[in-house]
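What follows is chain A paired twice: with chain B in the first complex and chain C in the second.
Presenting the complex of A and B:
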């Protein structure tokens, strides 16, 4: 495909050069101007129904909706001219006629676009004195609840279900000022990707039942992360309140998840808040585990491993850094992991985006680093090997197989039920409590950051394993997870050339990543 | 070396204590015979009036049905400069948002009255009340029920029509 012709125009006095076919709204973004909008969303087809993005274009007879007007050569656009501000103020006044002023009890409050734009450009008060329209809240099924009073009928949700999920569920029912979002007969929001409408909704009309009344938007701490619940590796924001994850939201990444994430991944965050954690390093004294210092525990673990054949039962939730250091600790031994499986649930409107069958973050990273995927986790454990259990919970594993091990070292955040015979327990942080990278099913290496504080004396896995390597007499001077990753990139051909700096927060594919179908932008330009 | 001290000679009427003592006794005697009216307030039997804008310990107002007016919007813990309000929002039987936990630590409170000013439901108020005693520090962490049980008048804050209180 030939390079697209560039078009030059002026927006608010700033010269802008964008490819032909770009909308004024997107062009303004490149100039650092966000034109207020409700119905427009880059992941959805353009509707042009909210009239919020009206701007003045010189030599045009009337104001133009910037989301649906493409740029032309030499155009001069005024976003904040008197005429366009006046028009948008009028639109806001109309939207607020029936919008209740219940911000104090609305979950969207603080991240509501109606609040934001009214504050920026709206009237100070309403001229409307008649009673407001009232409709009761409705359970839409799935995780979605609909509060019609707050709805501004931007139809983002309708378009998402129809054009992205390809399962028409929602519609605009009734006419005129009675219009509201309704469900088609016999349909509800149980589609595995339906909860995306909650993020898409610019106001508090579509709310998550899970998050309802849990926290206010301004109380949340946010961390860029990766959804750890399947191999797709959707980019997410983990939001915490008082050190507990209360919500996960998608973070846009055109290469992986566009603007979306599935309901299963979204709601499956409670395991990261678990309280049944190992919080102190422990060594076995007789029949009990005795808490000890980190130095003593690392020394004990090194003594158990030194010069022995090691078998590692790893968890595919561990980061590339932890798995790489495990391969170093192995000293010529082998490693295996197992992965829980579920049903695949694709999102029809986006290429190569699905809730994957394999429900763990780093299955492909583990394979790239030489761990074997197996159903029989301890099958490779030979008589007399030292077993290292790394992050694996051993649920459903026959305790009898463990007797083949001459010694057991547990490096985990939760103490597995069946390992009463371990000699050392090293507590590590879980996925939400440390920094690292994971590799998704297309071989894309993506960074995740720490969202919560780790409990007790728990340390990040890369730090524990680095210390263990040092105690085994190997080179180990890792001060940051990026140091571990740099070593990984220097020693592993697939990871060559990658570093935390080049990865950024959108990730990069491995050198030998499996080829994927190129991503077509979602229904862009379709009307 | 010895320190040289210069002794200043002053007139005797300046250094005599007799004059000062008599002056003091005269003031005492004046109050003794109640020349200017009584000055002492017989607290606690008698209380001095306090300003309608006095900001004392809190009170939570209730609806006609006896429920707290609070909708757990979270503005008061956000605005509180002393960070003394603990709020955990939840849902009641009717699905309305209400506070599961609402606690104010009156020891940490600096009685600025921001909570009353920010409250969109006019639920939390600082009260015209200043006599508090407890047997333990914990007793000064007022929970929702205790805040609702308070009955003292509340602070009138400022009147937007008359911001200077004239």
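Presenting the complex of A and C:
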């Protein structure tokens, strides 16, 4: 594709140069100016209906909707001129005349664009003296509740279902100020990606049933992470309240998930909060596990592994760092993993984006690091091997297969029922409790950060395995997961050239990953 | 022309000459009256020549905006490889307007002919006539005329034996004011919700089905036939005033006049004589108070303004209003201006498509305040609020429905403020008035 012509213009006195065809709103972002807007969303077709993004363009007869006006050479745009501010103040007043102003009981409060822009640019009071319109809340099916009284009819939800999900479900019903979002007869918000309308809704009109009344936005702690629930690797924000994950939301990444994530991934976070954890390092004393110090447990594990043939049953939820260290710890042994499967559910309007069949975060990484994907997890376990169970829950595994192992070392968050015979148990953090990287199905390495505090004396997997490696007499002065990753990049050709710094929070593909085109944004056009 | 269709001697009946003449509705009757001669002539001409004649004639859009028709047709670039479309806007939803209805009822073949000429001139093979849902009788006659024309080979695959394809389809709307807005009409025609589209792209670039489209009013298209037959000069001469306004114009007169109905007069006709002479003046014992000369969405004129008006595009603007669609609503001294304006506002609030914030909320808010004032619950601040809301509703939305609601309210408050104040209880004198006194 030929390079697009660059257009030069001035926005609020700042010179801006953007490719031909860019809207004023997007051009202003490059100048560090966010023009207030509601109906515009970069992942949706342009509607131009909220009229919030009106700006003054010199020599134009009327104020221009910046979301729907493309830049022209030499244009001079005033975002904060008296005329523009007055128009936006007018829109805000109109948006609020029928709004119930029930922020104290609204889930969106604190992350509401109606609140934000009203505080920024709105009037202090309203001149509206008439009765407000009322419509009852409605269950839209799936995870979605609609509160019409708070709705500003930006139609982002309508456009998402129609133009991105390709399953028209919502519409604007009625006219004038009686208008509200309606559902087509017989349709429900049960599309596997439907809950994205909750994030898209700029106000508190579309709410998540799962998150309903659970927390106030300002009570949440947020961590940049990756959805661990399938191989797509959607970028997410994990939000916690009092150390419990209460919500996962998509984080934009045009290379992976655009602005979206699927409902299954979004709602499947409770397993990371579960309390059935092993919290102390333990060694076997006769018939029971006895809690001990980390030093003693690591020494015991090293003794169990030293000089033995090792077989690792790993979890594809483990990070690249943990899996890499496992390959070092197994000293020439072999490793295998298995994956839970489900039905694939693509998002039609975005290229190469789907809830994937394989429901774990690091399937590709595990394979790239030499672990064998198998249905028979312990099939490769030979008589007399030392079995290392790393993150695997062993659900459905016959206890009999474990008897082939001469010794068992468990490095896990949860103690599997069938591993009563293990000699050492090293408790590690789960996906949400540590930092690391995972590799998605297109070979893209992406960082995730710690969202929760790990319980008890649990330690991050890379730290435990690093210590174990040291106890085995290998060099292992890792102080951060990035140190482990640096070692991985230095020793593994696929990871060559990558580092936490270069990965950033959008990730980069492995050296030998198949080339993929960036996700084309949804074709802009009148809805 | 009042019912039953005897034209006033001062009318110039070009488009309305066969009103009341049942035989003109049929194909044979229409041909007997010179019908389809213009189309025959047109099909023998180059499309560009037709556009030039229409340009030269000074014909301007009769739907409301008054855009020069020839220029509009010339925006359609020939040979761009895309199918072109002609849309005939027969939605006629502007309150007070009922001229297209009569044109379609009495001279349906004139519209078929006009559509065929227009389509041929802009390089289109298909014309759509979008008729509003309530027009059951015009729809009946239009359907019949189109069928007759097809059967006679006047339109179709081989229009009038020239080998040129000209299809005319009649489409019935569902009765929404906004579907008279050209881009909303296109959405509705495509089977979508009748919401106006953002411009640009303009219809001439991307209209119906994303293809170059021209959209003309019924009266405009019908006028193209006599222009082709009689020449641009003949049409240009039918003007008593501004050279920018030519030809005849149909006005629908309703409200407090002796003889309501459709009247066709030449451009520049004195409005005073029109109201008192042709329409017969106010009902007995009453006096005219105000006129809304171009459908509900234009500014209200005081009688002083109206009586000084020459009836053309420029003349109405010079006297504080607009020609609009030619729907003349006459109000006499027995009416309350506040009630009239409140009712107009309610209409727009009901018909807002709900896309743009200012329109969706503003029209309804305006209505609520207007009705509160009408019911004697208003305050002096309400008028300032109304004017300010009106400002917010003007020039800031996708289409002009919101402006159309603000216009009668603002002009009403400015020109008939005393009537508003008389309804406000408490008798507190407005600060501005206090300052003047």
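The rule is short, and it goes like this: the second predicted complex is superposed on the first by the 521 of 527 C-alpha atoms of A that agree within 3 Å, B and C clash if a C-alpha of one lies under 4 Å from a C-alpha of the other, contacts with A are read in each partner's own complex, and residues count from 1 in each chain.
Criterion: contacts are C-beta pairs under 8 Å (C-beta built on N, C-alpha and C of every residue); 3 or more make two chains touch, one makes a residue touch a chain.
Small disclaimer: the values here were computed from a predicted structure and weren't measured.
Novice: Taking the superposition on A as described, I'd like to know which of chain B and chain C A:219 touches: first, second, both or neither.
Specialist: Touch status of A:219: first partner only.
Novice: For A:104, using the defined touch cut-off, is the partner it touches chain B, chain C, both, or neither? Pick first, second, both or neither.
Specialist: first
Novice: Name the chain, either chain B or chain C, that contacts more residues of chain A.
Specialist: Per-residue touch count on chain A favours C.
Novice: In the superposed arrangement, does A:506 touch chain B (first), chain C (second), both or neither?
Specialist: Neither chain B nor chain C is touched by A:506.
Novice: For A:87, is the partner it touches chain B (first), chain C (second), both, or none of the two (neither)?
Specialist: Once the two structures are laid over each other on A, A:87 reaches chain C alone.
Novice: If you stack the two complexes on chain A, which partner ends up touching A:357: first (chain B), second (chain C), both, or neither?
Specialist: Neither partner.
Novice: Is there a shared patch on chain A that both chain B and chain C touch, and which residues make it up?
Specialist: Comparing the two interfaces on chain A, one with chain B and one with chain C, no residues are shared.
Novice: Note which residues of chain C are touching chain A in the complex, please.
Specialist: Answer in residue numbers: 176, 193, 197-198, 349-358, 360-365, 368-369, 372, 381, 385, 391-392, 395-398.
Novice: Spell out the part of chain A that touches chain C in their complex, as residue ranges.
Specialist: 46-52, 54, 61-63, 65, 68, 87, 90-91, 93-95, 97-98, 127-128, 130, 152-153, 171-172, 174-179, 526
Novice: Which chain B residues qualify as touching chain A in the complex?
Specialist: Residues 71-75, 78, 89-91, 95-97, 120-121.
Novice: With touch defined as at the start, can you tell me which chain A residues reach chain B in the complex?
Specialist: 103-105, 109, 137, 212-216, 218-219
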